[in-house]
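First comes the structure, then the notes that go with it.
We just call them A, B and C in the order they show up, numbering each chain from 1.
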């Protein structure tokens, strides 16, 4: 077993044991923190597929996070107001059921990622970073100025959505759902990374010319990766909205894109558990430093700076002593 | 809409455009010469605005405020160049994005720590306030007209600097062939610091100038930064000419879109829907413009390299 | 004489005032090695890119098995059976040697849009990749990271990736570049045996290798082919001696 695998096992154990401890100690706030970390980890895991394996530096993943969030907000707000979303060709009343909301979030963010990716992947390098940022901003300003779903104020949902057989209002049960989703996605991505697709995608990052000369179009590989990546981040957005029972344009903001990227980098680019470790650390720092000082972002900034300048490969890279997967 | 109102909006668009140019010029130079993508450029804009507000508050002199904005931002720029930025030139864009994102966090919270969360105000001096009457009977604020003048003067100055001076020759050489200018005995790290400080100073000056028509507060730099990115991407990264044209395009599109689109939509739908749909679309317009330009020309209007 | 497998007809390409290719017509027949030689800057790389993909000629056609491939992308040409190797190795340095060979197998016959089973678990891909590595003598290095290979081994891997494609033709850009004497000899022997499988268009600076291998040689000078012929014909050709070998002779 490699050091990285041991570390991954420790992370999974922590994700399981910490909330159980919090539950027994009757600390629901700690469970909520853990839930938040797991959801943000999922958003980062989504980005990591494009960024880590595919080398696609997307500065616009807030777009998918936000679409997932609004998928939840729109479906649930119509359902709670008994106001059908559409009546033709059949009546659709919205939904308060998580599986339906998730599916909608995944489809909507996947479609958006397919469109944004198809256009953005025509560019590369710094232009790709900027065009993805632009698409994110486009949706941000749209969500602010479109009044139907709360505009700048966002949308509140009174009661958390339901999941068959579980009580989602109980923090530990909701956490269980989130952890289940996160683990399922991690498992799928672990398979994907070693699959023919993962191999070709990784090669397209390192040497696109070689991939072309063996007869594979890097564009198609990257577009599929970008779409899958958007779907996962969109699913995380739906869960995040459910955690807060609230969606607002902040989910679309470029700071959100930046933070999702930060999780990936703090943990370690292109490592399966990188975003998980990154998101957990981010939440711990937010909690600890936020308690020490109102200006905790200074420390976060300094830490991030040190990691980028001196600890390439992020926390996992530093702990396992292996170089970052990138160059 | 009356022609006079339209003319005013065009002037507003030009004013926004030239200020965006002053902001974007540094960004595009730094990318062109050093290959660095600097998110913290918006923080330097903010540093300039705060320095100006503080100095104007203490001395009452607007001129002194502008000079200190330029100086403070240039100094902050030189400082971060030496401490952080120069370690990033050889790194990939991802590292650059993250490190400069970290700098934003530090700058923003640092400023909040020093000045607090309440906005400061920088007043337009008496000799620049009030409207002037332009040919055609257009009443237009003198201060905004001054901004247009200053912006155009800076653009002209930059073109002269790049095309006529020794520093300009080195900058152009740096864009084309880094090894070559090092081989010619130019102190490249000093050149980089100067270029970075120059861009920073311009951003700070823009912050001070714009700070007088809006409030000076933490976070004011980021919206401008993103607009400036849109500008340089449309113009082609590294091109000063592209930045000027991109800035004017973005300024005019943003201003005129916000005014005209709701009117346009009223031709098709009821006024309430027209206003909301029109303003929703208008807010997205410059990003749509950018996406269209990049899809048509993947390296911008005047860009050479990706 | 059989029909040529690969042909170019009147290829012309200019960059501004510079004419990089002037009316280039050449062919590659089954079973032969056709060497393309010429001084630096003669336009060899530009020509290779027009044949293998990457540059579109201003005029003229490229034909593979008699079919026009001029308008096809690099990937489409590869799927039609064009196996290319690069002068400077284009390999996924972070991946293992086997993974690089697997990539070739994936492009050749395999569908890369398979997300579930491990790439190593697809026996069709793996057999193909391992056979290719075996043939260039890298079988025992399969598990190594490509970045840990020596320069010569990377050249071998470059050829192995092309082999996994089972191409109709090989287009090789300086396979001997940077190889020592013994490395060149091994590669020469290998390429000598390869021609029976698929003909090779060989761009090479190593004249010993060219003279040892080539059935025919074309000489490219200033974007124009000044002579095509057997080794002896080219050696005897006056224009070539003046324009190219002149310095040595």
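In the analysis below, a contact is a pair of C-beta atoms (placed from the backbone, for glycine too) under 8 Å apart; a residue touches a chain by one contact, two chains touch by 3 or more.
Being a predicted model, the structure only gives us computed values, none of them experimental.
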item	value
Touch-based graph of the chains, sorted into line, ring, star, complete or other	line
Distance-maximising chain from subunit B - centres being C-alpha averages	C
Between subunit C and subunit A, distance of the C-alpha-averaged centres to the nearest whole Å	44
Whole-Å gap between the CA centroids of subunit A and subunit B	31
Separation of subunit B from subunit C, taking each centre as the mean of its C-alpha atoms, in whole Å	50
Contact set on subunit C toward subunit A in their complex	52-54, 73-76, 78-79, 84, 86, 90-95, 99-100, 102-104, 106-108, 110-120, 122, 125, 161, 164-165
Residues of subunit A defined as touching subunit C within the complex	191-192, 194-200, 202-203, 206-207, 209-217, 221, 224, 325
List of subunit B residues in touch with subunit A within their complex	31, 37, 84, 87-88, 92-95, 97-99, 101-106, 108-110, 112-113, 222, 226, 229-230, 233, 237, 276, 279-280, 282-284, 287-288, 290-291, 294-295, 298-300, 303, 306
Contacting residues of subunit A [partner subunit B, same complex]	51, 57, 59, 119, 122-127, 129-131, 133-135, 137-138, 141-142, 144-147, 254-255, 258, 261-262, 265, 269, 295-298, 300-305, 308-309, 312, 326-327
